[in-house]
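Look at the two complexes coming up: subunit A is in both, with subunit B in one and subunit C in the other.
Moving on to the complex of A and B:
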């Protein structure tokens, strides 16, 4: 039947697509356990020495520490700003709301390199500051706030504005209402925003490369190591670790988001 | 006016949204312990007025006082009012007990007292043992009761209800109307009830304010509102009404004599209508006050001739529609089916006389 043929074509396309996406990723994992300097078949025996080497590499662990610290700081700051912006956009009458939202969302579509260069110029020429961890944080916040805001706007729009009014009506002021109603109901969105911002910051290269001072972040460090063939397997080991952790984080974020959405569907009145 | 007569005082209150006058210069008073309804079609300003009482909207101009206190600078969380929202606004992240106890946190009660109050409230709404249910495990009727309990445990001076029965099915709604009315009598709290359902308002209220286009048209008790509407709009909105336009030609023993053109001379009590001795007026008459007869009845009643050409059998009653030359709308006549009257409901068109006692008519200013 014609329908069957169409289904088969789609199926083949789907499989090819998945192979295209995941082969490089799986190769990284595969070769990170291969006892050989070069990424080439045939495989040699199984080893975990690259992982040991990775842990023993002070430059690498330091870069990892810098990235984790920046990621944590950026995700907290971006999520706080995102909550405030989303709350303003969804709950209050703002003149020029569309324009404000557009302006905040714009970094999503402007090439990062434009921002990176711009920030570097401002930093060096106008403020006369040296690039540092803080300049990377600033750049990453700029990139992350739109993500955070997008996630939180959809979350805040998803629940009834009357709930906040009911809280006010029952004697809680605006601040207490935020903590007793808005925050718990927005929690899945807040967690999702936090994780999304963290991963965005963690693997961001351009800003980190342009704006870093003495402390480099992990992506920048890894790129610098690729020039040395003997460092490659260690990088593969690190890549595998990041892959596993990222996968876990994104899965968790998505699970939180869905878990948050579902109970509300029972509220259809 | 005694102090009790103005428990809630609304003085020249307006609310404009841009160019739209949602509430347009309204003044009236609500008495202590009264079940007061704001009735009107959607967009008439009733919900905006309720939200101004709750403090969610700030009047563009005018003043609202509750129990002698001006409300102008009092934010919603400090007002002596609690609200039952149209969609109930049950907190989805809290269980029933936590929902009901939500407003008690500010009352300086011990944990035990809070527990006790919640249990009492659950008993009052006939849902004992429901404390640990989650919001999504409740039916519409249960949510409505919990929203009510959540507001009432706070012991407000005024309970505001925004079409709280609108989402319920008909049987449950009628049950809740009676329950709500009984509850209001037993707790003695002033209720301000917003609805677009005239039957609901008539059933439950001590007094009703009929609103349209941001204005209050008439404030009265149910029976008075039904029997003595003060304008065509109220007459039309509450129940069904037949209208006959005419001109006053004089008065005769407390009745106005109206020249209704091809329908001849009709009489109607002047009542409270502020009608001049001459000029255009409208005579209004309820369908159930009309009689259909085959021959012209003898004097003392108003009678008009027409052709009965449509009818609807509704079980307990029937509606007959009579085409009258000179009237745009057919005259509706309602009759209780007291006897199994097959002949009356045979559906055949025939020439008839429609009559009514003079005192049943209502004199209204012409639009």
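Moving on to the complex of A and C:
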């Protein structure tokens, strides 16, 4: 596979791959500053008017509020559930551990649309309820717990189990040991899980589209705007803001959880 | 838990057997003793909230889906008399082949996507595992960050790139390479495959990377010492050992993309729609939720079948080799 030098074919491939991954996203940001209705070359002069238009839009502010509330709630619930499951799976002798982990991870693989319509059926057809923010929360928790659990498992596997045993031997009970040893050591993982679940929920479209009632989330709002060509630049501006904030949050979360963990083990997702 | 609770007594006597004290007052203590003695009980107790929530959110909707698929939509209400009508309608190839045709097309498009994702991800994972030294953390973060950020926006980006008046067309016209915009870029299956390949890249890189990273470096040295050329060493040692990651990557990309809905509806046009669009319209405009439920169940069964055949084929090959 290529030569041995530092900048060989493989390195060039890696760089090209990163360009392939990032170019589409960067184009959204580039054209959000373009003074023109169409996303087309040549670029016209720079403008921030789409951003000003965006800030003045009341529908958007409302959707943003809904998304922030759902995201905050989902990330707290998913991270708590993730901590419990990760601790149980990594620290206790559990017969059937692989099967349990597999089951909890299933939403990662099964097409989201299946769960979205399943939840919708239960809610609307069998319980006769109207979709609300709570149904979106339920859908997002389903999607976020597997991520949270994976992140926390790799974090808990990343530090020495003996530290907890030492604390127990030195006379602390399980509760004290959790708060004084496990929790501080797992903290980077917990913060990362919280942030990653937040972004996942904040950016999720499909569940929210099926399960939202009167309150739409931001991605559902964006999707509804895509139909109107004259609103495209405003959507680009909004998209850029979301992308920049998500990138910042996720980069921090990834750095937080991977730092100090032996990269050879337990990277998981 | 109340100490005189009959259910508690049964539970304790099951877990504790003959050791459980018979006095009601000692039951709480007996439960605590069992908890103390059996690590697995503590483990399950800790796990139970998560497991219950997840099972509840997965199994109840799936059951609802199954039940509804045997019902009939009558205008705005649902007739709950069990019937196979929806399934018969799906498999009625002579009169209405749309369901199976769309399912087949979705599977072909997903397989194509999976092929391109895995083929392009492998060298990248190899690069990360064997070539990147100190900057590994940075590279890993660069690869994973887009994967966590808005799927909708990443797909939308391709719409503006491939569009009739989009980035590629206007760029090429601007450079004088073409006179008229190319019409074949957007709204077809190829656009869907390109977009999906981009959107699911990280899903494939990470599992392959992890399996390559785990390979014992002394095996590679041994192969070289025993006279393998780098190419032989790759195909005889590295590649076979990375197969678990490759298989995981294949499944992680193939299964969810079959049911994707966002990508085909944004960049697929009429020729690029997939089974997910059909399910969505049956729950929306077409107002036939029972049929939609049946279609999604057939989709899942088809996916399961393909995955089983795939894993079975791999299992048989491995068995032959050993």
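The rule is simple: the second predicted complex is superposed on the first by the 241 of 269 C-alpha atoms of A that agree within 3 Å, B and C clash if a C-alpha of one lies under 4 Å from a C-alpha of the other, contacts with A are read in each partner's own complex, and residues count from 1 in each chain.
The criterion applied here is as follows: a residue touches a chain if its C-beta (ideal position, glycine included) is under 8 Å from a C-beta of that chain, and two chains touch if they have at least 3 such contacts.
Computed from a predicted structure; not experimentally measured.
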Partner chain(s) touched by A:87 [first = subunit B, second = subunit C, both, neither]: second
Partner chain(s) touched by A:258 [first = subunit B, second = subunit C, both, neither]: second
Partner chain(s) touched by A:173 [first = subunit B, second = subunit C, both, neither]: first
Subunit B versus subunit C, judged by how many residues of subunit A each one touches: C
Partner chain in contact with A:48 - subunit B first, subunit C second, else both or neither: neither
Which superposed partner A:165 touches (first subunit B, second subunit C, both, neither): first
Intersection of the subunit A residues that touch subunit B with those that touch subunit C: 263-264, 267, 269
Subunit A contact footprint on subunit B (complex, rising order): 54-56, 75-78, 81-83, 85-89, 91-93, 102-103, 105-106, 135-136, 140, 143, 150-151, 154, 167
Complex contacts: residues of subunit A adjacent to subunit B: 159-160, 162-163, 165-173, 177, 180-181, 184-185, 263-264, 266-267, 269
Residues of subunit C that touch subunit A when the two form their complex: 39-40, 42-44, 46-47, 49-51, 53-55, 57-58, 60-62, 64-65, 68, 78, 120, 123-124, 126-128, 131-132, 136-137, 139-146, 148-154, 156-161, 163, 165-167, 169-171, 174, 198, 201-202, 206, 209-210, 213-214, 230-231, 234, 251-252, 255-256, 258-262, 266, 276, 279-280, 283, 289, 292-293, 296, 299-300, 303
Subunit A to subunit C touching residues, read off their complex: 1, 8, 10-11, 13-14, 17-18, 20-22, 24-25, 27-28, 31, 38-42, 81-82, 84-85, 87-89, 91-95, 100, 103-104, 106-115, 117-122, 125-126, 138-139, 141-142, 145, 149, 196, 199-200, 203-206, 210, 219, 222-223, 226, 232, 235-236, 239, 242-243, 246-247, 250-251, 253-255, 258-259, 263-264, 267-269
